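These notes are about the structure you will find just below.
Order of writing sets the chain letters: A, B, C, D and E. Residues in each chain are counted from 1.
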Amino acid sequence: MDTASYRLEWRELALWRGDRCLQQSLTGRLEAGQALTVRGPNGCGKTTLLRTLCGLSQPETGEILWQGVAVHRNRPDFYAHLAYAGHTNGLKGDLSTRENLRFAAILRGRHTNQNELLHGLRLTACADLPTRNLSAGQKRRAALARVLGSGAQLWVLDEPFTNLDAAGIEWLGKRFNHHLSLGGLLMIAAHQASQVEPDRETILELPGGDT
Amino acid sequence: MISAFLLVLRRELTVAVRRWSDLVMPLMFFIIVCTLFPLAVGQDIEMLNNIGPGAIWVAALLATLLSLNSLFRDDFEDGTLEQLALDKEPLSFMLLAKTIAHWLVTELPLVVLSPVLVLAFGMPVDAIPGLVLTLLAGTPALSLIGSVGAALTAGLRQASGLLALLLLPLTVPVLIFGARAADLAASGQSIAGPLYLLGGISVLALTLAPFATAAAVRVSLD
Amino acid sequence: MWTWFHKLASPPHFYRTATVLEPWLFWPALILLGIGLYGGLIVAPADYMQGDGYRIIYVHVPSSYLSMFSYVTMAVASAIGLIWRMKLAFCVAVACAPIGAAFTFLSLVTGAIWGQPMWGTWWVWDPRLTSQLILFFLYLGYMFLRQALAETRQADRASGVLAVVGVVNIPIIHFSVEWWNSLHQPASLSKLEAPSIAADMLWPLLVMILAYQLLMLALLMTGIRAQVLEREKNARWVGELIGREGRGA
Amino acid sequence: MISAFLLVLRRELTVAVRRWSDLVMPLMFFIIVCTLFPLAVGQDIEMLNNIGPGAIWVAALLATLLSLNSLFRDDFEDGTLEQLALDKEPLSFMLLAKTIAHWLVTELPLVVLSPVLVLAFGMPVDAIPGLVLTLLAGTPALSLIGSVGAALTAGLRQASGLLALLLLPLTVPVLIFGARAADLAASGQSIAGPLYLLGGISVLALTLAPFATAAAVRVSLD
Amino acid sequence: MDTASYRLEWRELALWRGDRCLQQSLTGRLEAGQALTVRGPNGCGKTTLLRTLCGLSQPETGEILWQGVAVHRNRPDFYAHLAYAGHTNGLKGDLSTRENLRFAAILRGRHTNQNELLHGLRLTACADLPTRNLSAGQKRRAALARVLGSGAQLWVLDEPFTNLDAAGIEWLGKRFNHHLSLGGLLMIAAHQASQVEPDRETILELPGGDT
């Protein structure tokens, strides 16, 4: 990871779905070495916010800046530093975990040591099964392995702890802190504790959810 | 950019080869569709001869449609499409790779096999080169135009369904020219005219379709 | 009766039975094949219309007949497996498929070779020919479906359903000649009272059919043994078996 | 039991209406295939007349194949199939309702549309009732037999070729009798014989197919 | 809910996937008013166990009894008392929550008051959206609503708390206890605390998971 310090900013975002306004006037920033945890009741717009910041959805109003440059002006540069894992796992069910990871790594032009990562995530024994056959937690682990091995500075994770067992959650927390200590940026949406050291963490509590 | 392109291509091919039966299947499908015609229409050789080129083209279009159905839907549902959209390489390029893989896996085997089917329709052996050429020139257009429709329907908004409906008729010209050219070939006439036209459509589709597909994918993901 | 049935249905026991039976089926099959070929190619006279070309009948008819027999065996075994949840039955069904497919292929090829001089074309879309081709597709479908389903248990039951459903095609093949006016030869053997074929030509054919039948059963035994071993590879008795043979060698 | 049946039927129809673009696809395909033949074969009226019934039947079978692909796949992936399998009402009954919905949504429009296509082939107007009758008698068998194949391949992706391979041997009799009867009808002869046969096949399929489908669904879920 | 006391038993179950044996010799029982929480590392076979007990998968060996009768001998009776929610939600994405629930209710021959349930699960505002548009937690709530409104005695839930916010988890816990106090049976797989009163709960700790 290079040592330049990165920063993501967003200003006056308004998030709409259909004819409902989920959130308004969201402004914030995330700097190197910091984590932002988005919390809030179900349906308040966490996923929508994360997807919007990644450029998968268009905000109704407002702008998003990576290194001070509007994201949609410079997708290639932004995406070169971004790794995202959403509610869906982004794995091809017909390929094994190893193959899925190798594909993701080469696409990023990296050659990480897969084995260490697979071992840490306790996926070694099932790394050669088609991911379709994995258990829910194993699928989630494989999706996380893609992000952890991406070498990206900014990790955006939507409920990363879903389906993980206690040991997995703890291990993941350690990796988060390690990533932050190297100057990475982390943004997660979660209903559980984020496992990040408190002094590195900012919590964004989104209001809303329905009656 | 090229390497990303090749990589996507390779992954798609790996997914296809994963179960070798998947690769053989479009072929089987094509053969089966072609055998249906003689069964339904009867054994009159002259008649079979006549419908042969058309039937082979219909079979090719159907095989394409069937496989396009899931070209992006799977990727959409398992989230890999999202991942491609978040990559630093241009999306249109990677989607083009996917489409080319689709062509290699679904269409190319059909083209290769079509000579055998010429026999099933009792067509003269001289008809083979012409038929193969028209298929080679025309099927890329089917895959490319199809990919736009597949991208639009992946997320299935109502409006995109409508667009897909509009796209389907776009493949009709390909089908018509293709069948016409194959027919000319079977009766030993020159096929240069329709062949250039088919090639032209394919080239046009190659330059425009990837951008439309990429735009459609981004719309589907939003 | 039931205890015997259950004993036979236990994989190790059946494996041993099959091992014993196999040579007793295989060698007689070879001998009969020799006799049949001798009778068919040398003893039997040339046909007054077709000359020597008709001799392909000695391959064509037995393989056609066995293509259907194998399918029925496969379907019955599948039904037993589905109803009584008997794994061994599925082993039988799975072993039948490639054998049956091979016979069907042989029947198609010999038929086509024979058709060239007889009808002046390799292939016509005649009901019997078409339905035989369809039988071939049925076998292929069975094997491809198994291939596509990774888990054996699932593959067994799914392909079993297919085999049972597909059995409706067998009567269609058999009666296709009578139901539609067809180019193909109508039944000539089944008319027992007055076979429409000379005795010199007939007996080698019967011998060949018997030989093919025994050969099919021998191959079936081999196939079943392979299946049983594959499925029970973690069982203790297989370990012992391999250990014993390993020591023997 | 009856109420469960009607309920499933109603849900299927509702979903189909929401996804109308999926609905229109097979129909478009049917029309395109039928219109292609005159283009491929040329203007020779007698020839067109001859292939007409066969072509319409082939088109119907292919349109069915196209739509069967997703008959159970969506339900399999979103878990609703699982829920049906866990219901106290017999699974075969509810799957029959699904199949009937499929027939209403996919086949019935084809049948309704077929008179128009008769004209495209320049067939006599008298041929219309016969053709419609054979389609009415035969297409239920296509849907029912198709549902068995669709259930067997529900858990598999990219299974369109496999599905065709599994279904062809089972549906060819329907195709042959259907085309034969339609042919007789077109030439003004009595179609009672093949029509009863088709009806017979459909009734047989109606009594047996649901059980095979239910068994196949349980296997796919395992 | 009737007052007969129900019971589910299983004996000597062996669970296999492909050529891997996940669990062996599982024997146990669940009686009216009791909850069984299945725990264990990712991939140890919790989902497989639950699906097997429901009759969706066949066990390699062993038997499952409902009221003392083998389950596969008497599906209609067993299923009349069973409600299951797995990792997938079992919702038709094209139908609204209300439509999905109405369908489930009528199929069971019940006419529960949907509105109360929807209100409790805070789904009222989005009850008429196609479920495809719901947030992850809202989808989960809709799937749970199906089970909670089913009137079944035996609830089998695979990681019911996934994607739920804190308030939702608490609310669900209350419903669990209520169900048990009425003599219902509950079986869940979970990585979190099950929210069930300790004296009603049995915990089944499955060994395994891979290195």
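In the analysis below, contacts are C-beta pairs under 8 Å (C-beta built on N, C-alpha and C of every residue); 3 or more make two chains touch, one makes a residue touch a chain.
Please read all numbers here as calculations on a predicted model, not as lab measurements.
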Chains in simultaneous contact with chain C and chain D: B, E
Taking each chain's C-alpha mean as its centre, the one farthest from chain D: A
Farthest-lying chain, centroid of Cα atoms versus that of chain B: E
Dominant chain pairing [most C-beta pairs in contact]: B-D
Distance from chain E to chain A - Cα centre to Cα centre, in angstrom: 30
Chain B and chain D: spacing of chain centres that average the CA atoms, whole Å: 24
Separation of chain B from chain C, taking each centre as the mean of its C-alpha atoms, in whole Å: 39
Interchain centroid distance [CA atoms averaged], chain A/chain D, Å: 46
In chain D, residues with contacts to at least two other chains: 19, 77, 157, 159, 162, 165, 168, 172, 222
Contacts with two or more other chains, residues of chain C listed in rising order: 130, 137, 140, 144, 148, 150-151, 153
Shared interface positions of chain A, touching two or more other chains: 87, 93-94, 130, 133
Complex interface listing, chain B residues touching chain C: 19-22, 24-25, 28, 32, 35, 38-39, 42-43, 119-120
Of chain E, residues touching chain D in the complex: 54-58, 75-77, 79-80, 82, 84, 86, 88-95, 99, 103-104, 106-109, 130, 146
Contacting residues of chain C [partner chain B, same complex]: 123-126, 130, 133, 137, 140, 144, 147-148
Parts of chain B lying in touch with chain D, wherever the complex brings them together: 16, 21-22, 24-29, 32-33, 35-37, 39-42, 44, 47, 50-51, 53-55, 57-58, 61-63, 65-67, 69-70, 74, 77, 153, 156, 158, 160-162, 164-165, 168-169, 172, 175-176, 179-180, 183
Touch list for chain E against partner chain A, complex: 17-18, 40-43, 46-47, 87, 119, 122-126, 129, 133-138, 140-141, 159, 162-169, 191, 209-211
